[in-house]
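In the two complexes that follow, chain A is the common piece, with chain B as its partner first and chain C second.
Here is the complex of A and B:
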């Protein structure tokens, strides 16, 4: 089934266009269509990963036109890792939306919401699969623009402001990227990524290549909310409807990281030269500043948003250290953070929508009556805090090992101290929700639409923590794919 | 010889019971499971005794969770020595808790008590560094709910301090562990994992990280504040921290670091023996003086723990056989005596509400048996002949003597005197200063049995120390080869 590739990207686009049409007559169809489409994407990714994994890397040329003339799609094991992560979490969030959307998004706007969700999915899948720079840019814009709109989905003024701020930063990022791509095109004359990399390998590193590298790193750095380019993130993530926050934090900023990977490894072949220490310092600063911001906050969603800044730092650190173990650690961090943050934002969504409260002080002891919520929260926070036998621990372990093997002891210590800080803010959330004396007792109502997706996320996250080997099955080939393009 | 079953059983059977406690709601069942966990622990640990004293090391199969993250359990003489102390005192702590926690029992007390002790067993039995580290961190996490048990603001604050200190220590420990695994492999199957490294600056840094990591758990001065704060916990929990599980794992780790991870040759070559001795001496003197000045009974005992645990560090860091033997036996004697003292303090608090030393006048007439046991335990801690404490101090004195470091004997003498000064006035106040009331209360067996067993066993083992000497001989043979 060679065309599955294209179908995977096209299907969400088509369904996204159909939803507004159908929803005029059938109000409830939009959820069903979205859920089925995301289920289809998930299943086709599973098919690709399980059945076709021997044929990796897969290439598909649209209309049979071979690059440099035609447009291509490209999937290697790194891509399949991202595809699996994206489609799995997306499916969970869509299912959860059915339970949740209550107050945040009015009934009349729901078809629009689902349309945007599907555009988001289409954009992400396209971005992962795109084999040439321009398509990468276009798909990047598709999911960025739909995420601006999704943040504003509640229609409230603060959300609109946050969305606009993100839009401004995102536009700057887009301009940088476009400029970088234009310069790359003028330098190499091709857009197909492997060909660009081949051309670049023959060109001696010059100021031009450094400028290109800087431009694209800044562009994706903004999307990944790498400190100090993170300023849009806290407001946007905390004011969006909770399922959207989950998607933003678990997937969209990871697309920024994927962008960084594509630039650093697929285009420049792992040669960062002078920019490597810069990236490393930014990552370490991100780890600490994000954690300090999170410790200082009292709003539960803002804590989680700031913690994303800190956690992204680990992934970028793994990329910039560029050893086998640091890459394993970085991707492990990406995986476990995505699962944990998705769970957390969804759970927080339940808490906020059913109590109307956001600050930890008011929520004190609120969760004492619902053990299920406590388990979800506990598992995800433990992973965020990198307690032993969670995904977060394995991630920090390998990152630290990578740093030590490179002789960067200070960075190894920074990683561990950062994880201590993340333990403190996770503990702050857990203790005020589940240990402190209750201000008022709340019993949360959870339907199966909430329990099943949350349960799936938690179980996967738990299993990866207990048996990090399960994560390795995905991550090791991905790192292998990365190391293969290093020159 | 490989008996994969035993090391696994010692950790996982009690662990199974511990997890089971979460799922039963009836109070009696919870207690039954907690008690059977401890009894199984003790029984299975004693089963190993015969094998280990005849020189075998029991190793389990390894569970490879991921590259480097491998669970492996093994019992050598050192593991068994610590595991025996822990499991023996665990049973008594459970018995003591029955009466002490009556009416104040919250949902998860038994579960966390069991899980904490199992974590300590996991630390001792960990056959590689990563297993040791994982259980070391679990120990911190599982004891936390016990420390904040009272739920008051003071308890919450102490709990926060507890987590901050111990987890910060574990950051350094993890760093050292990862570095050791990267450079020397993490398995305990060979002595001197780091001996392939020759960069002495890095090695010293690594040793510092280890000392911080394990040393915070042994409450080395000036990183001891968490242990004092944690006295707000219920008395059996304090006993758990001071004698059964927590500080013991720290000193266990330090012994492994000095003799196993670095190895005798490397440690001598690094020239850090004196530094370690000074750290230990400073902690001993500080703990003793602070205990002397403290009026709160539990806090006085807590400061005394800080001093006595560092006796072991002192014995270990003179780097000879007598020092090591003395350190190990002192750990056992301290654990027995200190648990007994804490039990007495707990019983006094429960029955009279008194927590301060100055309030204890004439108490010997109200609860004579308790105070007699208190006296015996105090004497054992001071090191009076016929107690285990005497034996340990004997070896501890021999250690520095052999290496011509008389200064450290002076430290031991001063602190022994201080120890007598801060413990014996309690006894004399209780027996020789009457407050006029003579009313002997009826005693509960749940109190008297653990108190009696702990304090009398200091006497018993003082007269018949064969068990300990057999094990320490194995340990010395293993590490020092002679």
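Here is the complex of A and C:
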């Protein structure tokens, strides 16, 4: 089934266009269509990963035109790792949306909400699969634009401001990227990523290549919310409807990291030269500042948003150290953080929508009523705090191993101190929600639509923590694919 | 090939737009700044594709030395994205203005 590739990207687009049409007559169809489409993409990714695993890397040429003339889609082990992560978490969030949405999105706007969600999915799948610089840019914009609109979905003033801020920074990042792509094209004359890399290998590093590298790194750095470029993130992630926050924090900023991977490894072949220390310093600063901001906050969603900044730092650190173990650690961190953050934002969504409170002081002891919520919350927070036997711990272990292998003791120390800080803010949330004395009596109603997706996310996250081997099955081939393109 | 100094024009425009986005407090002016940045990149792309004395990239009898059509295709697509972003930005800006008016 070679056409499955294209179908996977096209299907969400088509269904997204159909939903507003159908929803005029059938109000409840939009959820069903979205859920079926995301199930379809999850199943097709599983098919590709399990059945076609021997034929990797897969390549597909649209309309039979071979690059450089035609457009290609490309999937290697790294891409399949990202595809699995994206489709799995997306499916869970869509199922959860059925239960949640509450006051954040009015009933009349729900079909549009699902349309935007599907566009988000289509954009992310296309971005992962694109083998063409310009297509990469287009798909990047597809999911960015739908995420700007989704943040503003509640229609309240703070959310609108957050959305506008993200829109401005996101568009500037997009323009930087387009400028970088235009310069790359003028330098090499091709847009197909492997061909660009081949051309660049023959070109001596010059000011032009450094400007291109800087432009694209800034562009994807903004999207990944790397430390000095993170200013859009706290408001955007904390004011969006909670399922959207989960998607943004678990997947969209990871797309920024994937963009960094594509630039550093697939285009420049791992030749960072002078920029490697810059990225490293930015990553270490991100780890510390994100954690400090998180410690200082009182709003529960803002704490989680700031912790995302800190956790992104570890992934970028893994990329910039560029040893085998650090890459394994970085990708492991990406996996465990995506699962943990999705669970946390969904749980926080339940807490906020059913109590109407956001600050930790008001919420103290609120979670005691619901043991099942406590289990989900506790497991995800443990992974965030990188306690032993969780995914977060394995990630930091491999990052430290990579840093020590390279002789970067300071960075290994920074990782340890950073995880200590993340333990503090995780414990801050956990203690005030589940340990301290209840201020008010609150009760939570949970339906199966909430428990099943949260349960799936938690079980996967738990299993990866107990048996890191399960994560390695995906990550080791991905790192292998990355190291193969290094020159 | 194109003389190098032609590249200076898009770069200057790019920086003017970037300045508008960064330094102007008005939301509408920020959106205009984004559009200036966008336009500068379109100029840059068109300049890349140009050849001195070249003919348009449509095959005709006796035609030779066609200019590169690919940057033009890119510009078309990027323009569409630019329109989408401007539309969304204007919608959000208008909503923000409405809220602020109501507060007063």
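Rule of thumb we're sticking to: the second predicted complex is superposed on the first by the 487 of 487 C-alpha atoms of A that agree within 3 Å, B and C clash if a C-alpha of one lies under 4 Å from a C-alpha of the other, contacts with A are read in each partner's own complex, and residues count from 1 in each chain.
We adopt the following convention: contacts are C-beta pairs under 8 Å (C-beta built on N, C-alpha and C of every residue); 3 or more make two chains touch, one makes a residue touch a chain.
None of these values were measured; they are calculated from a predicted model.
When the two complexes are overlaid on their common chain A, residue A:168 makes contact with chain C while staying clear of chain B.
Once the two complexes are overlaid on the shared chain, A:138 sits against chain C while remaining clear of chain B. Residue contacts after overlaying the shared chain place A:186 against chain C, while chain B stays out of touching range.
Of the two partner chains placed by superposition, A:296 touches none, neither chain B nor chain C. Once the two complexes are laid over each other on the shared chain, residue contacts for A:152 go to chain C alone; chain B is not touched.
Of all residues in chain B, only 64-69, 133-134, 137-138, 141, 148, 151, 163-164, 167-168, 171-172, 174-175, 178-179, 181-182, 202, 205 touch chain A in the complex they form. Across the interface of their complex, chain A is touched by residues 14, 18, 21, 27, 30, 34, 37-38, 41, 44-45, 48, 70-71, 74, 77-78, 81, 84-85, 88-89, 92-93, 95-96, 99 of chain C. Those residues of chain A that touch chain B in the complex are listed here as 387-389, 394, 396-398, 400-401, 404-405, 409, 412-413, 416-417, 419-420, 423-424, 427, 435, 437, 466-469, 471-472. Taken in their complex, chain A has these residues touching chain C: 134, 137-138, 141, 145, 148-149, 152, 155, 157, 160-161, 163-164, 167-168, 171-172, 174-175, 178-179, 182, 185-186, 191.
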